[in-house]
Every structure is written in structure tokens, then in C-alpha cells.
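Residue numbering begins at 1 within each chain, and the chains themselves are lettered A, B, C and D in the order written.
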Amino acid sequence: MKIGTYLLWAAMAVGTGIIVLLGYFVQLDQIPADGLVRNIFELRLLIMRWAVLLAAVSLGIGLYNLFLVHWTKISKQETGWKYSAVLIVTFVVTLILGLVFGPDSRAVLFLFNSIQLPVETSLSALLAITLSLAGFRLVAQRRDLISLVFVGTALLVLIGSGPGIISTESLFFGFFAGLRNWLVQVAAAGGARGILLGVALGSIVTGLRVLLAVDRPYGE
Amino acid sequence: MPELPLDFIEMIVAAFVTVMILSYVIGDNVLFRIATYLFIGIASGFAGAIAWANVVKPTLVQPLIDKELVSLFSREGAVTFLIPWMLVLFLLLKLSPRLSRFGSLPVALLVGVGAAVVVGGSITGTLIPQSRAAAETLSQEIVFTTSGEPLSIWLENLISALVLILATISVLIYFRFSAQRELTGGARRSRIAEIFAYLGQIFIAVTFGVMYAGALMATIVVLAQRFQFLHDVLTQIVGGT
Amino acid sequence: MAEIRCPMCSTMNPETAEVCSNCEARLTPLVSGMPPADQQASGVEGIKPAESDVPSDGDDWLANIRAGAIMGSGAEDNAAETDEPDEAAPDWLGRLREADSSIDEGPPTEEIPDWMEDFLAAGDDVTEEEEVPEWLSRVRARREVQTDAQPGAGEDEDWITRLRDEAPTEQPTGVEDLRPSPDVEELTEQPAPQALDLGPPPDVPAPTPQGEMVQEKPIPSYDAGDIAPSPEGIDDDFQPAVGEPILPEEEMEWFPAPDERELLDAEGLPHVPALLDGETEEKAFTEITGLDMDSIELPDWLGELKPSTPQAVQEEDDAADLAPATLPSWLEAMRPVDTFRSEVEIESVEVQPVESAGPLAGLRGVLMAEPVVAMPRTASTAAARLDVTERQYAQAELLQRLVEEEEKEIPPVKAERRRLPLMRWAIALILLLAVILPFGFNQLGVEGYALPSAVSPDFSDLLNLVGSIPADRPALVVFDYTPGYSGELNTVAGALLEHAVMRSLPIVTVSTRPTGPPLAEGLLNQIGADYGAVNGESYLHLGYLSGGPTAVQLFAIAPRNVVLSGYHLPESLSEGSVWGSPLLQGVQQLSDFNLVIVITAGTDTARTWAEQTHPWIGDTPLVMVLSAGAEPLVRPYFEASEKRVDGILTGLPAAVSYRQYSGLPLDTSVQWDAFGLGMLAVELILIAGGAYGVGLWLLRLRER
Amino acid sequence: MGGVDQIGLFILLLFVGLLVFFVTIDRRRPATFRPIRGYEALKGVIERAVEAGERVHLSLGTGSVIGTDSAPALAGLAILTSIAETTTMSDKPVVATTGDGAMAILAQDTLRRVYTEARALSRYSPISGRMLGPTPFSYVANLPILLASEDISVHVLAGSFGAEGALAADFGERQGSFVLAGTDDAQSQALLYATAEHPLIGEEIFAGGAYLNVGRVHRASLRVQDAVRMLIITGIVIGAVLSLLGVSF
């Protein structure tokens, strides 16, 4: 095994990981510790708080990285550099306003309510068209039993959820509403439970590889 | 006229930006790109300001203002102030490509905590509760009729419980990776696993169909709400009320 | 029309051309009496003498050569140092002059290199076999056989035509005439001087004169598990015969693959003729199939592993004085024996051609530019077979396919022509119309969809729960969604929060997302305006908890240690901490809140709050307000025997019902109609897609 | 020592034990896995992208490093290692984007390690691992411009996404790129199943390391998942029978 700084990083990752992990299974406050902290539970809280702080500082580094990418694009006058200029101006103005007057100041809330909120909501509205087109293409082009079951189920749930082809007051709505509830609360719930269990298995093993220092995304 | 012109301006700008984004339906265009870059700039500035105000300033800067220097070097000060400062300084080495290697200590801490939260949260939050819920599906109240319960309800509950267990087991079997090696070098499931996997695929399609319908309903509500907003802005501008 | 090859750059030029079209080297010989300008233009620029050196009479070709020698003397000096002293330099000229005068005598004897001498000596005396190298004795045996088979072969014919006569003459029975058809004849007419032409690797298309690419024929794919492919699997077109130029595909079409029945041996196993071993088997094979082995060509890279006759192998063993190396059987079978028969013969001087161009123009017996080894040769007719089993053949096939796949260029994916997104525009238009039309219903007097009347069972529990919560302590409302979902969740959560504000329940908001606090301020500000609820008195914002599930767990254990500053606090609180507010008087931990409402669109966030807070939430009810898509994943927490979620409110229909039954004002009729028409449009789109898909599938079924 | 969740600890130790066991027997009894269409196609298109001088883009999603949604991104980093090894010598090496600052740092560290091992550190550029936007929608809104300006022909989504993941996949489809998409959230999987050309469903996103031959431990991980899966199924069946008999647990 070659000796290197990665052993130090691995020790840090494995050490902090095990302390935080034990917190899920063991009442750590009953394990005394002398020195900087009274017990392991306090040490776990400290580690988590440091992690929260480092995550926020990493966000700052990420924003600097974003600034650098677009600044490079402007200085090299690459294609689309004007858009990067718009981004950098609004980023700097909003950041200064937020730092000086606070993120809950009227000026920052003006920018949030006039641009960020409507843009994100409009992107979500675009999703309606995207999903409808995707549903049409899925069943029109793939043409296998699974896609047919997928779109058929979606159709039944839509009809049974609210007004559409059938109004909520029509005679048949009761049948479709019952069928919709059964699909959601039985068939989909069972399938969702299987998917959740599968995803949990995958997550556990991926996390264990990091805790056993087999995967070392933090570099050498 | 609305009392505060700022609100009115806010509404007008929001309406313009909404139309600029919805124009992407036609195709990628200048309006969409301007609105997008405006949005990314503001979102970044806003997130940076919130992270500073809620986390970085209270932990690293406020103690310098509020507390005396002596207390910062005490036992409590070491863990709440000095060690965090040291970790942050190490992390800032990531900004320089040359020294970036030595900034991996805090990153390793982040990864360790993240991996532990993933493993611990999955075991205690999903694996155990969901397995137990699946096992309890076929409880006595469901299988054996209680007095006064109509037969149809009992039958429906029994079938539902069986379908719930069957769905969970068949979906789990579908995701099984191990397979048998074929003569021609390919890989295939065993006969029984193949049947359960096919059933599992159908239940996955049903589950995804339900979620897709839910998401579609949500986005239609958002689309309707956007046009409701544009309609309100137009009526306010035209009506001048 | 015959062509001449330029000695300088090997370009083919028409016979009549004097100067090479490519490098303008002199093609026609220098004949005395040619005017000096022609000599200079004869392409000898490379060694053109300076003006002053040109001798006055100008027409003596030797003077030119001498001038060339002077120019090159600089180089020769160097050479001289290594080979011969200066005085000897003119000596080669002397010899040239002798060669010039006695052109018919052939190459000067004393000049003949040793190997050449042996060769000639061998040519005269056939009997002394010992000294004669063994390969030469076979060459001579070959020549005698040849001369018997082809009496009267024209001495003076061009070496290429003799080469062509070498091609197999006996016509294998049972296979149509393999002799190239007339139009192919012309192609072979062209004197294409080739080096030892083993034929380019089958997958590299030989450059055709017109430069167009020969279309490769794909090797038929088959699974490794199958038995070795019958010879039809190896299409003759694909494998050019050794020595023959690769012809464009269409000309080779008439070269049919042998009939399948003939290739099956007695036991019905597909025999691969080229790979039968041993002389005896070959006879049996020819009798059965009537197919001469020469006509069946191996893949080129296999071609080099030419079979060796048992008899030749025996000879080698005897000659070797070293203890024979013990080779593995499969290697022993594949050991090649030199079966190439040198076709190269050194003709007598009279026959040798006059050098047509270049500095030695006009001379005979000039050594060929190409090394002798490179002269064209063809495999001997009596080639023995490789001792290769079926399995080895299959492995050879596999290896060949691997080689070809490596060299095969991945065909570039043709970029789809960017088609107009008509389908996307059509669907977008339908949806936009469906959502916009309801705004005109009132003016047009059209009646929209009726509001829902049915009440779902888990709905009434929620109504009772919120209706019965005491107002002494605040309700915690978690805004864990991004602005993108505010369109739906503001409408759904608005019903619940309006009900709480209507009942003067104090509300405290918190969020684990940076954009949560401003969303909370926006929604409560809008709801509070109708009920006089004011920030700081009726509701309060704790702000942003950074750190995801870690922060949730810390908040559940000790909220006061985690939330330090608060968000958008009223003036009265902005100096002190948010915990100084009267609203938060009795709150030390999560279970001190009367109700916890989590508004989210993501199932992960819902699971995090359900799992992480469970140990510390105590008896406080937990209600989830979800986006429509998240319901199936959160419902298991609601229906588990040990309830972790006490109430669920999902989607617009449930919100409209909640407003109806909690007595809240109903100003959402237009939005309800827009939602209904939008759902109608989407249902029709999906039905159209399904019909289109099923229709196409049925069409395909009927075609098949 | 009271207050110990024995079941949880037992399951944790079971996972660790099975992982060590399967790593040791992997050489003697190698595993065979069922084919997953997405990963099979991914290998071919990456080679074609390298040959055609086009770029591969890997999105690590918008999850935070210290959240439960960091698992698919950690699996995405294993896929990034495999892709980076193939494209280090390409004219346009792989670009990894994310919606979280810390995840962007991890992406840069992973890329630097691969370039160092390939002795091509001079070709490494720090902005090949970058954050596009701090919030999910701001990250997705930046994608169409990135896909158009950086000539991306392979668009891989391997990380945590919300419903905006469907927009991210659709932007790739409109660009005519090869789209392979997988995440952990079931609802997002449903939307990616409809919009992406090669969706990874369920836990297939976590099998990237094994199917792209990143290492022996990744293959052993899949065998651990399968073993525990069979234990869960057995547990559910036995539990159902016991609860039928009135035994509560």
C-alpha cells in the first residue's frame, strides 16, 4: 500500500463517519470522553456543525468557481460572453445587497419576487409541456407492453383525480376515483416500497465504500 | 394604483420574465437566455448572502465581535471557533490549483459525514421501517373477517394486501443484478426469477405511471397559475385599478 | 496502349511521353544528335552542371555524365574515402563504356556478386546437388516441370504475361469456369508491377484506378458457439486470390461461391477444403468435391501460413544436425515450409531490356530498381495442407473478426437533420389554449367544471385535526420546496394555512432551503392581508437551516442552539434574538410545538422529516402537504401501523375540497376550470399517443 | 449499555461482512450480472465522442454532500472516474457539473486524480468540474447554454434530482445528445423514465461503478445488495406468515 497524504484524508473521513454513524444506533451521550468534549454525543454534534459550516463555505467556493468561469468567457470574448456579463452584474449586485442589507431586506426580496420566483415557476410550467410530449412519444415510439402499462396507469389516475374527460360530478367518476385510490394506495405503494428498499440497498453500499476508504472522492 | 409602486414594478417585471421563459416553447432564443442568466445571477447572489448571514457570520465572525479574545482560546472556544477557522482555512486552499491538494482534510470530513448520514439514514429510516411495514401487510385483521364486515370489503382488503406484498417482492427481484452465464457468453436470469422480474417490471410501470400522473397534475396547476398571474397583471394594467 | 513507368518516381506514363508527368524526369532515352536544350530539359536538373562547365560541342553524352560526376564528386569524395581512391573513380565509367558497346553480353562477369555467381553456376550444372542450395534445386525442378507444361513459352514475352500464364490452367470439375471474364482481362493487362502480392488484408480496400472505395462485403455475423462456418460463410468475393488484383465488387459478382452440397464431406460435416491435412486427404477431397485447392483462398493473414508437403518436412528434419526442437503439435502443424518458387530468372543480356530513362538510359543489364526478393512470385501449385482442426479454425475465424473489428472505422452517426419540432408546438398550443380559454368563460357565459363534492376518508381526519389544535403554542410550518413548485404548493398549502390563520393559530416558519424563508414571507404576507395577521404577532420566520438532514436532527433535538438570527424580523425583535418573541415563549424542543406541518414536493424531504424527527417529536401531530407526485411514497408512512404521519393533503382537488368543507372563501373557480381543461388536454394527448402506438403495432403485426 | 439499536447495528455489520467476503471470493468465482442497456450503450458512444472530438458531460445533480441525497452523486463520481479515464487524451475532455459547491470540489479532486494517474496533469483544467447554479432550477436553467456552447454529444445525469431532472433530460434530447439518466428519488425516476432515452431505474444508478469496471469492490457491492435483497424477501415472507399467526414484532 503506497504511503501518501491520502491516508490522512482517509483517516479523517473514516473517523468522522464512524462517529456520526454510531449516533444512529447507540445512545452516544452515555459514552464519556475527557478532553475537549464531555461525551461522544457532543463530539458528534460538533462534527455535524462543522460539516454544516464547511458546506456553506463550499457554496462560497462554488460561487467563486461560477464567477471565474463566466469571467474567463468575458475576457476571452467567447461566444455568448454578453450573457455572462449579465450574469456577473446581477450576481455581484444581489450579493452586495444581501451582504450589506441582509438577505431579508426589501431590495433583495424585490429581486427574488420579481425575477427568481417567476422564472422558476415558469420553468415548472414548461415542464407540463415537456412531460405531455414525453408521454405521447413514449407510447407512440417505444410501443412495448411496459410503456403501455405506464401511460395507461397515468391516464386512469388523471381521470380519477379531477375534472377532465369526466367531470367530478359524473356517475363514472366514483368508479375512476376508487380505481385511482387503489392504484395509488396499493399497486403503486407496493411498487414504491420495492423501489425505496432497492435504493436504500444501493445507498448503503455506496456509503460503506466511502466509510471503508475504498472510494476516495476527496482526492490523493 | 397599488400603494407601493415597488410592488407594481415587481409584478410588471415578473410578467415580462414569465413571457420570456415561456417563449422557450418555440425554441431556444435570446429572450430565454437573458431571463435565464438574470435568474442564475440573482439566485447565486441570494444563496451566497443567505449562507453568509445564517451560517458563516454567526459561527466565524460574530464570536469575534461578541466575545473577548480570552474566551475564544478556552476549551469551548477551541471547538466552536478555532477548529472551525482552521478547517475553513484549509478548505480555502482549494481555490489555488497548486495548493489544492492540501485542502482535502475538510473535504474528507464532509464526505465522511455525508456517507454516514446516507448509511445511517437508509438503514434506520428506510430499510427497517419499510421491511417491517411490508411484513405486517398480511395482518390478522385483514386476513380473517371480523364480525359485521361485508364480504366484499374483506375480499378487497385481502387482495390488496396480497398485491402489496407481491408488488414489493417482484420489484425487488427485478432489480437483482446477479444472473447465470449463458453458453454464448451472455447473461440471463433463471426461469423463476424471469417470471417474477417481468411481474416486477409491470408494477414498476404502474408506480411510475402514478408518479408521472401526479407530476403532470402539479405542472398543469403551475401552468394554470402562471396564466392566471398574467391575466391578473393585464387586467390591472388595462383596468388601472 | 502500353505505358512506361518513370524510374525516378514510379509514376505510370503513356508510352509516347518523353517527360514524366509527375516529376518531369526524362522518360525517352538520350540519343546522340539531340540538341543541348533537350538534354538540359531532360529532367536531369538535379545534377545540371554550371554554365561554364558545359563543353562547347555540347552533344557528347559522356561529357554530360562526366560533368555530373564532377558535380557529384563532392559526394563521391566522401564515398570515396570509404570505398575507392579518386583515381579509381573514372574506372566505373570505363566499365560503363564496355557495357555500352557490348550490350548483348549481359552483366559484366567480374561484377557479379557471389550469390549471383552460385546461382548461375547452379544453372549450368544440375547434377552437383550437394553444393547447390536446396531451395535452388527445387526451383530448377520447378522450371523443368514448367517448361514441360508450357512448351514454347515465348522467351521474349513480358514477365507479367508469363506471370499470368502461371495462373492455374486445369479447370476444377464441378465449378464453373473461374477464368476471369474478358472485361476483367483488360484490367489484368495493365502492367501493374506488384511486389510480392499477398493481396491487401481483406478489409483494407485496394486503391482502384478511379479512386472510388470498393464496397466491403460484411462478414456474416454468427455466435461463437456455432460450429465452424461452412465455406459459404467465407464469401469468395471477400477474399481475393493471392496474386490477383482486387477487382471492384460488381466485376467479381460472377465469381460464385461453391455449391454447399459439394463442400460437405462423407459424414455431413462441413469440410473447409483449404484446411484438410495431408496429401492423401487432398486427393480424397478433390475426388469428392472436384475442387482444386488453389481456387479456394484463405484469409490473407492465414495465407502466409502456407501448408507444407509431408515430404518437404521430412527433408528439413534430415538436414538439421541440431537435435530437432520439440514443437507442440499444433505449432508443428502450422510450421510453414518455404513453398514459394522463385519465378525470378536472370535472363541473358540480349533479352534484357534497354534502360529507357534516367542517367543510365540506353544501357542494358542495369540492375533492377527493386530488390530481387520483391519480384513477383506465386505460390507453388503443389501446396500441402495445414493440419488445423475445426476448433482451431473457429479460433482463427474469431481472431480474424477481432482484427477486422479493430480496424473497422466506427461509422460516424449521421447528425439527424434538425427537424422542426412540430409535435412539440402542437402539444404546446393545445395545452396553452386549454389553460387560457377559461378566462373567457365568464364573458362567453360558458359554465365551467363543477367543484368536487365527494370527501375522501383521510380528508376528514385532517379537517378535524387542524380544527381541534389549541392556540396556546405555535404551529411549526416547514417550507421545504423551491420556488419552482410554489405555483401548486402555495395553492394547496394556502388552504391549510388560511384555515389556521382564520383560527388565530400562531405560526412559526422554518426551512432547510435557502429560498424557503422568502417563500414563507410571501405566502403568509398574502394570506395575512385578508385576516389582519401581522409578522411578529401572528407569525414569525426562524429562517434557513443549512445542512439538510443533519440540521433537521439538530433542530429537533435543540432548536434554540441551531437557529441563531431569524428572518425578516419585525422592528421590535430585530435587536435581540428571535427566541425573545412572545410567540416562542414555551418552546424548548420540537415536541413543544402544537402541530408540525411540512410542505414539500420532494419525497426525500418528506422522508427526512418523518424519520429524523420521530424520536424527538413526541405526541405532536405531523401533517404533510405534498405535491401530487409525492403521494405514493409518503402514503406508506401515513398507513404504517405505527403512524409517523398523521395527515396528508395532496394536489389541487384535495385543496379545493378542503376549502369547501372548512368554510373558507372559494375564489379559485377560474383556476379550477383551467386545471380541468388542462387535464382534459393531457388525457386526450395520451390517448392519441396510445392509439397511434397500438395502431402502428397492429400494422407491423399484420405485415409480419 | 442501554439504548442500542441492535437490529440496526446487526444490519450494518452484516453489510460490512458480506462486502469483505465477496471481495475476497471475486477473483476465484467472478460474478455475472444481467445486462443493463444504458451502460452497454454508454461505452460505445463515449468512444465515438472521443473519436469525433465531441465532449461528454456528466451531471452530478443538485444534492448536497452532507445530505441523504448525496448517495447517487457519490455513485456518479465513480462513473466520472471511468469516463475521465477514457477521455483524458481527447481533444475535449469530460466536463462534470453540479448544483452544490462541495460536490463541485469533489468532482475537481476526482478529475485531478485521474489525470495524475494518466500522467496528463498538464491537460487538467480546474473548471472541468464546476457549479452551474446554487439551486436546482438555476442549475437546470444553465444546461441548455452549456450543451449548445460546449458541443456536448453525451449527456449523463447521475445524481440527485427533483422534477426539474425531467427538464435536464429534455434539454439533452433537444440537443440531439445521447441521454443516460439515473437518480435515487422515485418520483424523479418516473419522469426520467418518460423523458430520457436511456433511463436507469431503481438502484441501477448505483451499479455504474461495476458495469463500467471501476473496481473489484464495486462488483462485490452488487453481490452484497443481491444477498441482502434475498434476506429481505425471506424476511417479508416469514414476517407475513408470523403476522398471519398473530405474532407481532
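Please note the rule applied: contacts are C-beta pairs under 8 Å (C-beta built on N, C-alpha and C of every residue); 3 or more make two chains touch, one makes a residue touch a chain.
Predicted model only: the values in this text are computed from it and were never measured.
Which chain has the mean of its C-alpha atoms lying nearest to the mean of all protein C-alpha atoms shown?
Chain nearest the centroid of all protein C-alpha atoms: D.
Could you put a whole-Å number on the gap between the CA centroids of chain A and chain C?
Centre-to-centre distance between chain A and chain C: 36 Å.
Rounded to the nearest whole Å, what is the centre-to-centre distance of chain C and chain D, using the mean of the C-alpha atoms as each centre?
Roughly 25 Å, centre to centre.
Could you state the distance in Å from the CA-based centre of chain A to that of chain B?
The mean C-alpha positions of chain A and chain B differ by 4 Å.
If you average the CA atoms of chain A and of chain D, how many Å lie between those two points?
14
Do you know which chain D residues sit against two or more other chains?
Residues 5, 8, 12, 64-68, 71, 74, 102, 105-106, 109, 112, 126, 132-135, 137-138, 141, 145, 163-164, 166, 174, 184, 186-187, 189-191, 193-194, 201-203, 207, 225, 229, 232 of chain D each touch two or more of the other chains.
Which residues belonging to chain C are in contact with no fewer than two other chains?
Within chain C, the residues that touch at least two other chains are 421, 424, 428, 431, 482-485, 487, 514-515, 517, 543, 546-550, 601, 607-608, 627-633, 636, 651-652, 675, 678-679, 682.
Send over the residues of chain A in touch with two or more other chains.
Expected reply: 21, 24-25, 48-49, 51-52, 54-61, 63, 66, 80, 83, 103, 112-113, 116-117, 119-121, 123-129, 131-132, 135, 138, 147, 150-152, 154-155, 158, 161-162, 184-185, 188-189, 192-193, 195-199, 201, 203-204, 206-208, 210, 217-220.
Using the contact definition from the top, classify how the chains connect: line, ring, star, complete or other.
complete
Residue numbers of chain A touching chain D in their complex, please.
By the definition above, chain A touches chain D via 21, 24-27, 30, 51-52, 54-55, 57-63, 65-66, 68-69, 72, 78-80, 83, 119-120, 123-124, 126-127, 130-131, 134-135, 138, 150, 192, 195-199, 201-210, 212, 214-215, 217-220.
Looking at the complex, which residues from chain B come into contact with chain A?
For this pair, the touching residues of chain B are 6, 9-11, 13-15, 17-18, 21-22, 24-25, 33-56, 59-60, 75, 78-80, 83-84, 87-88, 91-92, 94-95, 101-102, 104-124, 126-127, 130-131, 133-134, 160, 163-172, 174-175, 200-217, 219-220, 222-223, 225-226, 229.
Help me check something: in the complex, which residues belonging to chain B touch chain D?
Touching chain D: residues 28, 33, 36, 39-40, 43-44, 47-48, 94, 97, 100, 104, 107, 110-111, 113-115, 117-119, 121-125, 127-128, 131-132, 134-140, 143, 165, 168-169, 171-181, 186-189, 204, 207-212, 214-215, 218-219 of chain B.
For chain A, which residues are in contact with chain C within the complex?
Touch list, chain A to chain C: 45, 48-49, 51-52, 55-56, 103-104, 109, 112-113, 116-117, 120-121, 123-125, 128-129, 132-133, 135-143, 147-148, 151-152, 154-155, 158-159, 161-165, 167-169, 173-174, 177, 181, 184-185, 188-189, 192-193, 196.
Within their complex, state which residues of chain D touch chain C.
44, 47-48, 51-52, 64, 66-69, 134-137, 160, 162-164, 174, 176, 184-187, 190
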